[in-house]
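I have placed the structure first, in the form of structure tokens, so that the comments after it can refer back to it.
Per-chain numbering from 1; labels A, B, C and D assigned in written order.
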Amino acid sequence: MSGPVQEQGEIFDVTKVGDYLQFTVVAPGVAQSYRPGQFVAVAVGGPDSSMLLRRSFALYGVKPGGEYAGTIQFVVAAKGRGSQWLLAQRAGARLDLVGPLGVPFPLPRESVPAVLVGGGYGTAPLLPLAEHLIAAGSEIELIVGASTASRLFGELAAKRLIGSVTVTTDDGSAGQRGWVTDPLPSAIERLGAEIVYACGPMGMLRAVGEVAAAHAIPAQVAVEESMACGIGVCMTCVLPVRGEDGLTRFLRSCVDGPIFDASRIRWADVGTLPADVLGADGM
Amino acid sequence: MTAATESSTGPGEQAVDMRTSLASFQLPNPVLTASGCAAAGRELGQFFDVAELGGVVTKSIMLKPRSGRPTPRMAETPSGMLNSIGLQGPGIDSFIANDLAWLKQAGARSVVSIAGHNTEEFVNLAKRLYNHPIDLLEVNISCPNVESRGQVFACDPTASARVISAVRRAANPNVPIFAKLSPDVTDIGLIARSVADAGADGISLINTLLGLVIDLDTMRPALGGVTGGLSGPAIRPVAIRCVWQVHQAVPHLPLLGMGGIKTGADALQFILAGASAVSVGTAIFNDPHAPVRILAELQAELAARGFASVTEAVGFAHRAVAEQEEFFASRKLGVGA
Amino acid sequence: MTAATESSTGPGEQAVDMRTSLASFQLPNPVLTASGCAAAGRELGQFFDVAELGGVVTKSIMLKPRSGRPTPRMAETPSGMLNSIGLQGPGIDSFIANDLAWLKQAGARSVVSIAGHNTEEFVNLAKRLYNHPIDLLEVNISCPNVESRGQVFACDPTASARVISAVRRAANPNVPIFAKLSPDVTDIGLIARSVADAGADGISLINTLLGLVIDLDTMRPALGGVTGGLSGPAIRPVAIRCVWQVHQAVPHLPLLGMGGIKTGADALQFILAGASAVSVGTAIFNDPHAPVRILAELQAELAARGFASVTEAVGFAHRAVAEQEEFFASRKLGVGA
Amino acid sequence: MSGPVQEQGEIFDVTKVGDYLQFTVVAPGVAQSYRPGQFVAVAVGGPDSSMLLRRSFALYGVKPGGEYAGTIQFVVAAKGRGSQWLLAQRAGARLDLVGPLGVPFPLPRESVPAVLVGGGYGTAPLLPLAEHLIAAGSEIELIVGASTASRLFGELAAKRLIGSVTVTTDDGSAGQRGWVTDPLPSAIERLGAEIVYACGPMGMLRAVGEVAAAHAIPAQVAVEESMACGIGVCMTCVLPVRGEDGLTRFLRSCVDGPIFDASRIRWADVGTLPADVLGADGM
């Protein structure tokens, strides 16, 4: 596996999907070594911008070859200044990209039944994962949720791919009212799932991890921590993660993640300095 | 030492000799990374050959493993960022075994930054590094001194001098030591003179400025550490002012300048103000190729102004106008570089 | 006092009482101009009614007419600018006859900023203003003290205290006096305590940071004055840190906060950090309507967070999380503003 | 005369003229009270820009009424980051404008023969001035110069307006080789000119002033000093100007200028602190 590259990608297409814009960008270098779960870091604001830091986006589609060869896709939600700038870019403009970054979702050696759970635009990276799993012969189910219908992503693509998809919304404006964790237990049981994959807000990931743990199966989750560099050099993006040796370390979510085993993340301690984290006594 | 970075000729440009020195440390070119912005070089090695740089300055290392501060650890600010990493690191033993070893096999020049809670820790770090092949020791005294109720060493001329003279005695005499200063002081010239008297072979500056951002969602400080260090282009005018003042205060000491360097033109400002070499920090987060890009840009900027070497440009902005003009007049008469 | 700025209701928003005070000076709202960035209000009067602001802080005035420094006097920097105006001004007599008179007839609240070369000049300025209708005296001690080889008063707690106590004795006792501090000090809390002890009724902060830019065409300092003052959004995190620290050092004193305020959200950060009112400086150069725009934005930001008044928000970020939550819980139970 | 306004003007047209771009912007507020010699200050880089300060441009055409009613025109040369940004803007984009700023060219009460001298894009503000003078019955001549042909501006428009125009270039690539001050004396003499108006680089303005002085006639020149605010509040843009009382003051070129009587500017002392400038003893 070759590493990340930096390249100037030309925007090929921008499509509105619910509240989001889906970007298709010609970026053969990023596309080449991509695996599901990885992300791309995009410079925002142009050369004279007051915004120094890149914004990260989970990679959705990637076409290393064939039609649209060398393109990548990602989905952008409106938040602060950086995303607003990106949302104003149009086809033909160039984006300064670094990627693919982060570790991919771990794939089972053999086919295993799996439930995939996406929150909001978090569904995006799950769809290429679903493709891989299906190609490997795994049986899968997908649950997608959001606060409201317009914040759902990937429902149609998922239906095309998997045949069916379970939808939840907080306000009941689409699918069943409630959270993704409501239909999750029965999906795990129905499928006899041996693994759960999830991407979405931190609260959701934690809850998904708890459901998986209750079923004694692992959950691999993609976290979204604030990142200054995205490439592992700055140490801003750390999470308290319990290692195989039982020791908790602050791990960088950009290079040691963004995919973590949910049971290893000390969710309750995120944003604190647990006394038993490695090196806390050195502070 | 790569010939390509040492001196090369662009179209219509004179060759510029990019070699420089930081006390006894000879560098093929004047662009290094800044401590804490390049880890120990390995991750940047994915983007370019770190041996092409003047050197890699590693993240400040302490004696023991250190967790660093709770998250959030950063906030973006206008043309800058605030960080409160809190010197997360593996401790000196792991650093020597892994990071330093990697840098050596990569053929990179290593500037090791050390940090301690008290003078003794600094001394022990210098001793641990005594027999290891390092090119320069950067002493990060911009950290809290537990012996002085947490006041930052670099804010007190006496505490700064005590650390520097102790480290100078403990460290391998063949390795130059640079004191890294904080801009958050009333008189940076005073601190510079005191570390110079204490035996520093040179000075690195500047470290970050103390800042604070309020998160308007939580209505509390945005960073887990409450205050943080401000870096990036926003602070560049302060950094250049500090280089200027310290060059005047201790004209005989070489300076490693940094603070908001994003382009070769920015780097040139530091050199003209008195820096013999520069470190690139926050700009790396924006552009992982920043150090090598800046090196190429700097060379072009020097060539465009008729300099035959980097060293000619060091401190050039301090010279009288007449002296500057005379320099270029003689340059035109000469045979070029 | 304009009813519209004092408290108004937007769609779906609660009314916010915008009144605040700086010691005995009662303001209809907390947005003022910053000294040196609005002259004496007249030019801004072409764009909006300056009486709508909390107040106009005039450019620091000295006893005699002053030419200021040679040009160039400014350089743009990333998200900021450097200036070396050197306190150009007409002198106190002309100021009183023309500028202060204009502000009075315009119905504006006047904060007069004074600057001197030595304590005696500050005292004479305070005396000259004794019988004139001014709302607050801002004492700009961020200027060089000729009695101390040009060291800036605000960099020395003793010199700062001497000026402030002398001005407090000489000035009209009905007019509060605020000391304006420089961020270029090792411990701003120390300076704050010393001016508080000397009788300051409040503190204005921050003045500009000392910076330098090299002009790459001339290869010399870009400014005629060599160094200059850095202002604008670039310095905002430093300014908020200073407000935070000074609020902790002298919690009983009202603070007038400034440094890089460009939006109502920026202003809110200062208020949450402990400022009772804010001054808008460099942003005016970008947007001559900035002060009134920021006032409207600030009101909306306060309303969106459920504050019934500005004063409730002053220093709110210092409170414990539990206390913050309790405040909003009781607010929801209450009958609104 | 009403004062300056701030408005968001929509770019109506961008046309390449030699090395310059000529902008036509819908800005009725600025257009309304404009007089020749005034300028407009344009915010650059967009809301998240690292560039805080406006860039000033001399107003060229202004149409307060009639066809293109409420439009203003100005001419932009590529220099640093701000002008580069402006040069990348296209029709339809909006510019944040403040204007009209500064004092206009003083117009003679009666018709007087006048020579107008423009350097580079400095010709732009002279053309509306020429229109005014012609309408008032003044006989005029125009001399335009530049380093090279592509840096000339307004030749054609001037020819249409005045019938003839004298061109100089440093390199001889258009018109006669040399400086605008070469043909100036004979133009003054030919016309019996009673006033010279000029706009261009500082060195040229100084030289034009000297020629006018040698002919014992005034020269009104438009200076270009570095300005932070453009509206008179910051004091960055000062020049040492001798007053009627013989005293030299540092005057703001944004509000006391940009038009000054050349003989009053102490050209040799620009960028210094002359000991006899008002208040120098207070420093």
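Simple rule for what comes next: contacts are C-beta pairs under 8 Å (C-beta built on N, C-alpha and C of every residue); 3 or more make two chains touch, one makes a residue touch a chain.
Keep in mind the model is a prediction, meaning the values are calculated, not measured.
Counting steps between touching chains, the shortest path from chain A to chain C takes 1. With contact taken as defined at the outset, chain A and chain B are each touched by C, D.
Comparing chain pairs C-D and B-D, the larger number of C-beta contacts belongs to C-D. Computed from the mean C-alpha positions, the centre of chain B lies at a distance of 35 Å from the centre of chain C.
Chain A and chain D, compared by their mean Cα positions, are separated by 56 Å. Separating the CA-averaged centres of chain B and chain D is a span of 46 Å. Multi-chain contact residues of chain A (touching two or more other chains): 50-51. Contact with two or more other chains is made by residues 78-80, 232-233 of chain C. The touch graph of the protein chains shown is complete. On the chain C side of its complex with chain B, the touching residues are 75, 77-80, 82, 155, 184-187, 209-214, 216, 219-221, 227-228, 230, 232-238, 240-241, 244, 260, 265, 268-269, 272-273, 301, 305, 316-317, 321, 324. Considering their complex, residues 3-6, 43, 50-54, 96, 98, 225-226, 228-239, 250, 255, 270-273, 277-283 of chain A touch chain B. Put simply, chain B touches chain A in their complex at residues 36-39, 43-44, 46-47, 59, 62-74, 76, 78-81, 83, 85-86, 88-89, 91, 224, 232-233, 282-289. Of all residues in chain B, only 78-79, 233 touch chain D in the complex they form. Taken in their complex, chain D has these residues touching chain A: 45, 48-51, 81, 85.
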